[in-house]
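A short worksheet on the structure shown next.
Residue numbering begins at 1 within each chain, and the chains themselves are lettered A, B, C, D and E in the order written.
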Amino acid sequence: MEFILIPILASLIWAFLPIKSRWIASGLSLISLVVLLTKYNQGSFPDGLVVFDQPWLGESVRFTLVIDQITWFMLFLTQLLLPIIVLSVKDQNQKLIAWAFLMQAGLNGVFMAQDGLIFYLFWELAMIPIYFITLQFSEKDNFVTTIRFFIYTFVGSLAMLASLIYLASLSGGSFAYADLLNTQLSHAQSLIIGGGLLLAFAVKIPIFPFHLWQADTYTNSPAQGSMLLSGIMLKMGLYGLIRWYMPLAAESIDFYQPIVMTLAVVGIIYGGIIAIRQDDMKRITAYSSLSHVGLIAAGFFTLNSSGFNGGLLQMLVHGLNVVGMFLIIDIIQKNTNTRNLSELGGIASKYKFFTVLFFIIVIGTAAAPLTSGFPGEFMLLNSVFKYNSIHGVLSGLTIILCAVYMLRIFQKSALGSNEIAMSEVSFVDYVPLIIVAFSVLFIGLFPQVILEIFTLSVEKLMLDISNAKGVLS
Amino acid sequence: MNPIILILGLPLLGFLINGVLGSKLPKSVVGAIGTASVLGAFIIAILNWNIISQPENNSIHLDLFTFLQIDQLSLKVAFQLDRLSIWMTLIITGIGTLIHLYSISYMKEDDGFYKFFAYLNFFIFNMLLLVLGSNFLMMFFGWEGVGLCSYLLIGFWYKNEDYGKAARKAFIMNRIGDLGLLLGMFLIISQFGSLDYSVVFPQIATGNTSTSMLTAISLLLFVGATGKSAQIPLFTWLPDAMAGPTPVSALIHAATMVTAGIYLTVRCQVLFALSPLTNEIILWVGLGTAVMAALIGLKQNDIKKVLAYSTVSQLGFMFVALGTGAYSTALFHVTTHAFFKALLFLGAGSVIHGMHHEQDIRHMGGLKSKMPLTHLTFLIGTLAISGFPLLSGFFSKDEILTAVFLHNKVAYVLLAGSALLTTIYMFRLYFLTFHGQYRNHHHAFDKVHESPMNMTLPLMVLALLSIVGGALNLPTYVTHSDGFLLSWLKPLFIIPQSIHEINHNTEYVLIGIAVLIFVSGFLIARNIFVSKATVPAENSTGLGGILQNKFYVDEFYNKVFVRPLEITSSVLHDLIDGLILRAFTFGIFPMLKLVGRLNKKVQNGNIEMYLLYMVIAIVLLLGVNLIFA
Amino acid sequence: MIGIALVFFGGVVTLFLGLNKAESKSLWILRFFMLLSAVLSGAESQGWIDFSTLFKWVPSHMLSFNAFKLSMVSILSFFGFFILSLLPSSQKKGADVLGLFAFALTGAMMMVGSQHLVMLFLGLEVLSIPLFVLAGSEKEDIYGNEAAMKYFLMGAFSTAVFLLGAAYTYGGSGTLVLAEIQMKLSFAAHFGEFPVLLKAGVILMSVGLLFKVSAVPFHFWSPDVYEGSPNRVATFMAVIVKVAGFVAFAQLINTFSPMQIWINQWIVPVSILTILAGNIAALVQKTVKRTLAYSSISHAGYLLLFLILPMEENLPILGTYLLSYGLGTIILFYLMDKYSADGEKSFEMYKNIRNNKIDLAALVIGSLSIAGVPSTIGFVAKYQLFSAAFSQNHYSVYLALLGSAISIAYYFKPFRYALAESNEVDVKQVSNDGLFTQICLITGMLLIISLGLLPMITERIF
Amino acid sequence: MLNVFHNLEISHYIYLSTVLFSIGLFGVLFRRNAIVLLMCIELMLNSVNLLLAAFTEYMGDANANGQMFVFFIMVVAAAEAAVGLAILVMVYRNTRKTDVSFLDQLKD
Amino acid sequence: MSEISSLPLPFLILSFITILSALYVVTSKNPVHSVLALILTFFSISAHYILLNAQFLAIVNLMVYAGAIMVLFLFVLMLLNLSKESEPIKSNLWGIAASIAAGMVLITLTAAFQKSGIAVMPAPSEGIGLVKNLGRVLMTEYLVPFELSGILFISAMVGAVLLGKRDKNSEELVDLNNKNNA
């Protein structure tokens, strides 16, 4: 419960007290990280530990929060990224932080909820702040984009709600995870229910062709909005996939697996190909994100342990890397007033340290070995290849395409002979970048440390899924 | 302390010190640290030679930690120093030391001096990672890592956008190969459940794996090799990679990194030995590359480009050897090639340095007198690569030719032709550079100078090695036993390397042919470039034009891959994403709005109309539910 | 019952005391009575106090209130109080307008408590007739005139249709008491076919009520009339009429519950039509008020889904939904009224809101709640309704969800002007309301949020 | 008195009132003058009244519920007429028209 | 329709008059004629009431409707000077549409009744519609609606006054307008 109350409290404090320092905000957001770290023991229960349980609405809905290893990991991801993001907020956008805290509460709830409706509740609670962030703090009139984004995801959420209601009606009215898990579905029912859940998650992840909201929203949002969206929000969809879709509608996996795999692979290539020609750095990052998370989704859908572990690892890594990219873009834009590659160049000649960090993040995203991108991508590609070699080869193209566009970004902006006018990068801007760059190298070297956080729960989860499917995969 | 830690650790330490503190340190210190770290690694490798060279297949292992543990698959950060890797280590660190030394002078004017040394050290570290790894994953780390360093070093002068493009091209083409390697690794995982050499190779050797699977794995690994070793179709990056500083070309793009593909194949000897189809493909790809690059080399005018195509061609030679199953021969050629090609590149660098960054051979000539040391060493290099008898290249090339002769006569003829071309273009280069008239109008002949000592010293060392390097694997007819390298590697091969039995008469004929090739090539070149003093034209026509334009391969790739990809990108973004999908998805809102506008017609403010609608609705409600229900 | 008495008494007192005084002075009296009614009825609904002995003389087959209805009376009074507190009083003299509000509210309560067709009819009329007048209470306003005329003519017409239905029902069942009609019907249910008179009767009566709650295609009056009427009256129509109308409607349909399956046949299409048409039409509106009008139409559509449910055990759902609908709608109307004071009718009016944090919060919370976004009571209400309706009819719920998705497009429209920093252009300072109004507003927001987060409270209420 | 007409059935009254109702309905749709519209609505109400009276008679409802209903309908009709005419007068004062088809300023 | 001939003559005649006069109400171009025809309709309906043993209703109908309400209508007509045939004639299309719509209501209802038939009610009892009886019911059972219709009336009254009275402000406004015009 503290992971919900602390952020809400922080949000209220920030919204109503006249504090202005980014450091204080970051400190506020660090509280929950510290609390989380002290609870590492709680996270070591592979079966999950009930941390809160109260009746919420009638007989059917209980406010149940559970922490298991995967949850702990997801919470970790959230609490880790938030201070970084908060630290990068521009001075004139201070109120954004209040929204960000609120969103943190929602996200934490999503990851901990062990009741269908509570899950949905937090799911939406996480979505509202990001809507307002993208709307309120963007540079130009962003209404159409954001409303598209919201409706697009909202349609997905409503499909999920419908599915959950359907499922609950079959489970005798209870929304409790265990009851939903034990509900036997006919094939047709599982197709409908699974389809609804899948739609919600596919939109959020996003899987091709449900990605349409993504590029515009990333491009037009304030940098912190893009970070929150791509760093944490996307992970909700992926988390939902393994925690909610697969165990609950396991009977439908056989039907949806080839479809989702194909779409995910198409998305991987599609995003990659588009990214190589864009001019706007944010847009490139958006499409690269489509490509990367498509791979994660594909990895999950292979239903093997390599895919699950790799996917979870990659969620953290992608979160950090993409936040790093947006930090870079934000700093460049803040100092040069543009983020179009055609207008940039030559940053390296003036900002050596910045360029080094930039390059580390670039190669981290491009999954060079000994950087964080590699282990996850390796496991994911391995799992996809195991599922189907053609899918594996096609999704493997991502390492080529990713190299193409990431190097293009780096080269066009940092290298070259342009003498771009850029004001001094401040220390506060460097801190989050350094954290990200450090993580790129650390995870690149010791991925097993991260894997061990959640690997037992993954086994348990996979057991749930295979039990629900009736066949061990 | 485990020697591997030191071997790997010293260059890494050098990289870290130079990378982090380099900007604050004086250049001499930076250079010293960089060179010393590599030299240290070299010395340690030498010191451990004895341990490795025990009669049984001895090796030193180092297991650091588990990198990834997925179910039963355990991927470890683990290294081994065995006969193959120590050989490679010595080449890498040995030549690396010389080139570091050379670079101290060559790069001393450059702002990025410390950066350069950091990159070089990092490259050495990665290259060592590649050869020292005891599993495919570690090799892949090094494999990608050297690609990354290559990218950094090619684009070292980052302000020049063309260099940047060349660097990117190198990295991306390498990545295409890397994908093949990666997929090969996935197949290995699925087949053998491990990536450790010590697990995989014995399993293959049992012969229980189907040939088609082995062929698939070996082909995928070979795709990786073509990327790194610049074979058809992925060779075009290497000539462009000459954008980097010359020591880089010498170290990375001649002596070490590009031979990673050969190392990979030798390392997986057991795998390749059991996939005959792959061997055949390797043979022909290598052969094609050897011939094609040699042809292109004939018409290049940039001193480094000639050497680059020569490298591609020589790499082709090595693959031909691999294709015939002569693994030790290939490695032998790797070694000798490292000596003389590094020598040639460094010599070229010395020329460029002396000519103040002039690279076009048409603007050189007559440098013999001004740069005697450079000239002499360059000549030795040229002779070595051309196969002047008893120099290192003569032996290694002869071994390859012999192996091919026994394997396939057609291939032999083609490869011999390629060797002839090698001699021609190398002497063309040599003559145009050092003989004849000085032809540069921008830059006075007086200002041309010999390079300083720490540039010529490596040249001399390498020249010496080029001369005597052949001793490393002297042919049977000289020693009446297996060559040193062959016997050195023998314990490593689980399946023994096929030894080509050949009677001495044939062998002498082949040697005769080789000598003939060298002589005729030399004479042709001399005739054209010394006697007639021909200077290559700006734009050749006909076949020459095609050769000068490198068979239009780049243009072909551009038309067939790059442009279509770019067009696809735009189409996907603007048309599919921007229009069609959007129309389908968000088109629903305009549609809804259209329906909403229709409502305007209905909601027109007129009470009578409203009443009429209501009555109609009542009629419908009543009619449907009372009468028809 | 105490509510009817108090509000009526309050109306009369206001009428007499407030005559020839500025409206704002006598408003306090009426507010007091409404609040008192809300509190007392609420207390009675929770069983804390009991006024039934006071009203022993009222036959229970005419007018009776159970706990649910008492809470609805309480909510109606509260909404009345809320509307009169938030939407500002005109400076005109005379308390006649206020009196009419009170009487209309009385009518609404009568509808809620009616157990008899005559009472239902009377309640309907007592509610409607003051509203006809109120719609045109800005006498010089031509739009107000038109609104009054439209509302009156169509309302009278629908009354006639309702009466024909009532007459048929009487003919078919021989009684006007709802409970007895239900009994007759359950007898008939045993013999299979239901009398055609009853069928026609229930359809025609429903048409009358569908008109009142403005369901498509009987909704045509509502956007026009809302637009023409003074904002306060429009709010009253949107909230009070709909709340009372739906409680009465539910009561009526419950009466005919033996033929529920047959009723569902036509309620479901009407409901779906209302949801879709309301939302789609709202999408293209230029003025805020019309958008809100169509929004209230679409909510009528959702509420119609309630009618297909088994009534008794599901009444809390209706209560929650009406509570959430009323709170959200009143807040949005209040903001619309406040920021359209300078004549701006389009959504651009909201650009002036950004300096007023409380109003901004109210806009966000109100919009989110009425759009049914979680953590607000709007979500709880919609969830309960949909999940209950889902067991009866899957497709209607899917379509209703689709409708909710569409509705986001217009509920979020104000944010474009209210929030986006990029739109910072000539922001006018709109004067702040009094403390009392602000307290009311904050109370409303807190209710929305707290009930949304702790929905078990609503279970206690209903 | 009705027993004189022993072959008169309730259905005849139903038909009669339905016809009357429809005529009123027709008038509402057909006419444009607000005052006539109001009259047509009164006609519709009266047809209902007639029907209710007939039902009361035919059912022998001892409490005469139908007739009571008629009574209240008349009450309402009177109130409606009063308010309606007031509205009409008000509209006429402002627009000098009673034609409803001119009242179409409020629309989408 | 053959059974029509078997119906008692008074009913037929009354119905005939009712329908005819009702039709005249809706078709007459002159509102005053409509009012008069409506009064005739009410008279005939009152006669029906008498046939139906609802004597009190008949009287009240005459008094309230034909008397009070219709006079009110007439009064307003005269007040607004609408007695002439001022109403523009609607297009034929409207007429057709209106008659089809109204006809459809009629047909649907009759068809529904025809289809399922209407239950015949038990024999009538005497004296239901007498004042004495009605009064008793009204004061006992229907006391609540009776009381509450007071609210209806008070609101109608207040409403009518509210709308009918002229505000001082508005007169000033009119004056102002006139001045401006002048």
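Following the convention adopted for this analysis, a residue touches a chain if its C-beta (ideal position, glycine included) is under 8 Å from a C-beta of that chain, and two chains touch if they have at least 3 such contacts.
Everything numeric in this text was worked out from a predicted model, so none of it was measured.
Colleague: Quick check on the contact network: minimum steps from subunit A to subunit B?
Modeller: Tracing touching chains, the least step count from subunit A to subunit B comes to 1.
Colleague: Chains in contact with subunit B and with subunit C: which ones?
Modeller: Shared contacts of subunit B and subunit C: A, D, E.
Colleague: Between chain pairs C-E and B-E, which one is joined by a greater number of C-beta pairs in contact?
Modeller: C-E is joined by more C-beta pairs in contact.
Colleague: Give the label of the chain whose average Cα location is farthest from that of subunit A.
Modeller: E
Colleague: Which chain lies the greatest distance away from subunit C when centres are computed from Cα atoms alone?
Modeller: B
Colleague: If I average the Cα coordinates per chain and compare with the overall Cα mean, which chain comes out closest?
Modeller: A
Colleague: Using the average of all C-alpha atoms in each chain as its centre, how far is it in Å between subunit A and subunit C?
Modeller: Those two chain centres are 42 Å apart.
Colleague: Could you put a whole-Å number on the gap between the CA centroids of subunit D and subunit E?
Modeller: A distance of 4 Å separates the two centres.
Colleague: How many angstrom lie between the CA centroids of subunit A and subunit D, rounded to a whole number?
Modeller: 66
Colleague: What is the distance in Å between the mean C-alpha positions of subunit B and subunit D?
Modeller: 98
Colleague: Of all residues in subunit D, which are in touch with two or more distinct other chains?
Modeller: Counting only residues that touch two or more other chains, subunit D contributes 10, 14, 21, 24-25, 28-29, 32, 38, 55, 59, 61, 68, 72, 76, 79-80, 83, 86-88, 90, 100, 103-108.
Colleague: Where in subunit A do residues touch at least two different other chains?
Modeller: none
Colleague: Could you check subunit C for residues that touch two or more other chains and list them?
Modeller: Residue numbers touching two or more other chains: 118, 122, 125, 129, 132-133, 136, 139-140, 148-150, 153, 157, 171, 174, 196, 199-200, 223-224, 281, 284, 406, 409.
Colleague: Following the definition at the start, I'd like every touching pair of chains, please.
Modeller: All chain pairs meeting the touch criterion are A-B, A-C, B-C, B-D, B-E, C-D, C-E, D-E.
Colleague: Flag every residue of subunit D that touches subunit E in the complex, lowest number first.
Modeller: So the residues of subunit D touching subunit E come out as 1-5, 7-16, 18-27, 29-33, 35-36, 38-40, 42-43, 46, 49-50, 53-64, 67-68, 70-72, 74-83, 85-90, 92, 98-99.
Colleague: Within the complex, which stretch of subunit A touches subunit B?
Modeller: Result: residues 148, 152, 209, 212, 215, 270, 273-278, 305-306, 309-310, 346, 348-349, 352, 363, 368-370, 375, 378-379, 381-382, 385-386, 392-393, 396-397, 399-400, 403-404, 407-408, 411, 414-417, 446-448, 451, 455 of subunit A touch subunit B.
Colleague: Note which residues of subunit E are touching subunit C in the complex, please.
Modeller: 109, 112-113, 115-119, 121, 141-145, 148-149, 151-152, 154-156, 158-163, 167, 170, 173
Colleague: Considering the complex alone, what residue numbers of subunit D touch subunit C?
Modeller: So the residues of subunit D in touch with subunit C come to 10, 14, 17, 21, 24, 28, 34, 37-38, 41, 44-45, 47-48, 51-52, 55, 59, 61, 65-66, 68-69, 72-73, 76, 79-80, 83-84, 86-88, 90-91, 94-95, 100, 103-108.
Colleague: Which stretch or stretches of subunit A touch subunit C in the complex?
Modeller: So the residues of subunit A touching subunit C come out as 55-58, 117, 120-125, 128, 131-132, 135-143, 147, 150-151, 154-155, 158-159, 161-162, 165-166, 168-169.
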